[in-house]
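Okay, so here's the structure we're looking at.
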Amino acid sequence: MSCLTVSRLNEIAKNALTLAFDKEISVVGEIHGLKIHAKSSHTYFDLIEKAPDSRDQYIAKVSCAFFKGAYNKWENSLRRQGITAFALTDGLQVKVRARIDLYTKEGRFQIIIHGIDPGYTLGYIAKKRIQTIEILKSSGIMDMNKGLILPFPALNIGLITSKGSAAYNDFVSILRKSNYTFNVALFNANMQGENTVNEVVKGIEVLENTPFMDAIVITRGGGAKAELFYFDDIDICKAIARCKLPVITGIGHEIDLSVADMTSYNYFVTPTDVAKFLVSRADEFWNKIEQVEGELILASDTIIKDSKADLSELASMLAITAQKYTSQAINNLKSLASTLGSNTINMLSTKRQHIARLQEATIISSRYVLQTQDRVITELYLYIKQGISSIFSRALSSVSTSILDLSRANLFTITQAKTTLERLHTMFNAMDPRAVLGRGYSITLDLDGRALKETHGVSRGDRLTTILYKGKIISLVEDKEPI
Amino acid sequence: MKKNQSYSSVFKQLETIAEKMNKGDIPIDELGDKVKKASHMIKFLRQRLKSVEMEITDILKDLESDQASQTREEERDDKI
Amino acid sequence: MKKNQSYSSVFKQLETIAEKMNKGDIPIDELGDKVKKASHMIKFLRQRLKSVEMEITDILKDLESDQASQTREEERDDKI
Amino acid sequence: MKKNQSYSSVFKQLETIAEKMNKGDIPIDELGDKVKKASHMIKFLRQRLKSVEMEITDILKDLESDQASQTREEERDDKI
Amino acid sequence: MKKNQSYSSVFKQLETIAEKMNKGDIPIDELGDKVKKASHMIKFLRQRLKSVEMEITDILKDLESDQASQTREEERDDKI
Amino acid sequence: MKKNQSYSSVFKQLETIAEKMNKGDIPIDELGDKVKKASHMIKFLRQRLKSVEMEITDILKDLESDQASQTREEERDDKI
Amino acid sequence: MKKNQSYSSVFKQLETIAEKMNKGDIPIDELGDKVKKASHMIKFLRQRLKSVEMEITDILKDLESDQASQTREEERDDKI
């Protein structure tokens, strides 16, 4: 086996490579470690292919050289296309036209770039940007930072920028020129190149946890539009959206907003604008303070005056009310006193009426008693009169009775006498023998002239005289027949 | 008969006669006379009775008229 | 008849006579006289009654006029 | 009649008389006197009634004048 | 009437008398006296009422003058 | 009257008396005393009112002078 | 009154008292004390107002002097 020198080896390899890639090729990858050679002004960088979803790990890498001539031609062609501000930067996804080369001196394999397709890069950036917006929106944090309140004024500022950059200087000098004492806490971060994302995210993390911060400002000087694509990065945007402090961006775009701008509390084109905004807020605040101070003095004056007026009103109301109280109480007392007076007078007059009624009752009763007695006497008198007349009528009737008695008695006596006389008369008539004799009876007398009633005592031969109604017969007894 | 003979004495005689007659104490032969006498007595007594009756009647009439007049007077008084 | 004889005693006599008469205790001879006497008594009693009545009437009239005058007085008092 | 006899005792006597009269317990002879007595009693009682009435009237007048004077006093007080 | 008798007890007595009279429970002989007694009671009661009234009037006048003096004082205070 | 009796309790008592009087619940014999008592109460209440009024007047005067002094101070401050 | 009581709470208490008084809810017996309390409150509130006023005046003065010194400083700066 032949032994080659290093240079021969490298030459053979270069020939083989050149043979293998005899035509211009297109390669896509991400720019990494971009350098412009100070003397030659050639541009060098690596193209890397990252593993999917990996920021730091790459799986392949190739060195690239963009010589000054080619670069200028490419830039001119861009300008001719009207594309400005397309700057190469680390992390930029590019599609390069190139040929393969090997630098024999160094034995280094590289590609020599003829030109870069701006359309590819811009399309890539646009696509990424849309993805980021979509993620932010779908996770609902797009407007989160806008919802925070920016303290008024915001004097304590967390600044994320690269120290000593024009952006930093512009920002700080404006703040200094203002009348206000801003307190700026700088977080020095690369604002371009592949570390931009990590450093900005770190900066947000550090500053939001620094005490007494009012807001975070992320700013950088103007640059090519292609360099802004860091600020479409999802990690930066998420960090901004979720930041506890309002984030104000000033990252130097002119036409399109970066997603970071869209996500932030507020955005401006330049650091100067951001600084001016903050100063104007402070002005505004101070004006307001002065105004408020005036108002405050006025208001406190008013409040104190009003309060004093209220107090004196209350005091006078107190006085009036207390007076009302006492005067009402006095009136109550007065009316009570007069009620008392009138009540007693009423009572007395009622009692008087009672007495008057009793007086009248006594008089009426006594009169009534007298009248009753008078009537009783009159009745008694009438009774007496009745008694008298009954006595008289009885006496008269007894007298009349006595007359009747008399006449009755006399009549009786006389009638009796008459009856007796009649009886005697009848008797005598009956006794008159002539009446018997007239009917054929006769009376036989004995010798002594005695009328015979029986045969006893008569003897034979006795001489008997028989008296007849007219004349007498004298006869002798021959026989007798006793019954 | 004496006019001023009393009713009672005459009546007594009459009764005596009547008694005697009833007892049959009077002989038949006197009987007629006695009866005649008694009849006279009876007539006398009747006369007396009659006159007494008339006298009483008069008195009573007088009394009654007296009462009547008094009553009339009273009635007249009442009318007054 | 004595004027100062009492009504009651006279009335009693009258009653006695009437009783006797009723009993037929008075002989016919005395009858007229007795009746006459009784009639006098009755008249007397009537007289007495009359006079007592008049006396009472006077008293009562006096009383009534007295009352009337009192009443009039009262009425006059009332009018005053 | 005694002046200081009580109204009620006299009234009782009067009632007794009236009752007796109505029963006819009084002889005619006493009737006049009794009626006279009764009349006196009635007059007495009326007199008594009258005097009591007058007494009461006096008291009343006295009372009224007393009241009137009090009222006048009050009116005078009121005027003062 | 005793001076220190209470109004109410005297009033009660008066009522009792008035009631009795109304019932006619009082004999005429006592009527005058009772009425006189009642009249004394009435006078007494009136007197009592009068004196009570005067007492009250004095008290009330005193009260009024007290008030008046207070009011004057107040007015004076007001003027000061 | 006890000095430390409350206005309202005394006022209530006074009202009670007035009510009783209105109903006529108070015997005349006690009326004078009651009215005297009521009058004492009224005087007491007036006194109380007067003293409360004076107390309040003092407080209010004090308050006014306090305000006046403050105002003067302020005016002085204003002048400085 | 506690020194650290707030103006508004004391003012509210004062208003409550004033309201009660206006409604007549306060018995006379408590009136003096209430008025005294209210007066203390008013004084306290006045005192508070006064001190607040003075504090504000001080701040204002401080502010003014501060501003003046700043202006002077600025003027000085301008001169440099």
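We just call them A, B, C, D, E, F and G in the order they show up, numbering each chain from 1.
FYI, contacts are C-beta pairs under 8 Å (C-beta built on N, C-alpha and C of every residue); 3 or more make two chains touch, one makes a residue touch a chain.
Since this is a predicted model, take the numbers as computed values, not measurements.
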**Item:** Joint neighbours of chain G and chain B, given as chain labels
**Value:** A
**Message:** If you average the CA coordinates per chain, which chain's centre is most distant from that of chain D?
**Reply:** G
**Asked** To bring chain E onto chain F by a C-alpha fit, how many degrees must it turn, rounded to the nearest 5?
**Response** 25
**Fill in**
Taking each chain's mean CA coordinate, chain B and chain E are separated, in whole Å, by 99
**Complete:** CA centroids of chain D and chain E: separation to the nearest Å works out as 33
**Prompt:** What whole-Å value do you get for the distance between chain C and chain G if each is reduced to the mean of its CA atoms?
**Reply:** 131
**Request:** Indicate the whole-number Å distance between the mean C-alpha point of chain E and the mean C-alpha point of chain G.
**Result:** 67
**Prompt:** Which residue numbers or ranges of chain C touch two or more of the other chains?
**Reply:** 7, 28, 31, 35, 39, 42, 46, 49, 52, 56, 60, 63, 67
**Prompt:** For chain A, what residues touch not just one other chain but two or more?
**Reply:** 315, 318, 322, 326, 329, 337, 340, 344, 348, 351, 359, 363, 366, 370, 373, 381, 388, 395, 403, 406, 410, 414, 417
**Item:** Complete list of chain pairs which touch one another
**Value:** A-B, A-C, A-D, A-E, A-F, A-G, B-C, C-D, D-E, E-F, F-G
**Item:** Parts of chain B lying in touch with chain A, wherever the complex brings them together
**Value:** 7, 11, 14-15, 17-18, 21-22, 24, 27-29, 31-32, 34-35, 38-39, 42, 45-46, 49, 52-53, 56, 60, 63-64, 67
**Prompt:** Hey, which residues of chain A end up touching chain F in the complex?
**Reply:** 312, 315, 318-319, 322-323, 326, 329-330, 332-333, 336-337, 339-340, 343-344, 346-348, 350-351
**Message:** Which residues of chain E touch chain D once you look at their complex with the stated criterion?
**Reply:** 27-29, 31-32, 35-36, 39, 42-43, 46, 50, 57
**Request:** Spell out the residues on chain B that touch chain C in their complex, using ranges where they run on.
**Result:** 6-8, 11, 48-49, 52, 55-56, 59-60, 62-63, 66-67, 70
**Complete:** Given the complex, residues on chain A that touch chain B span 400, 403, 406-407, 410-411, 414, 417-418, 420-421, 424-425, 427-429, 431-434, 443, 445, 449-451, 467
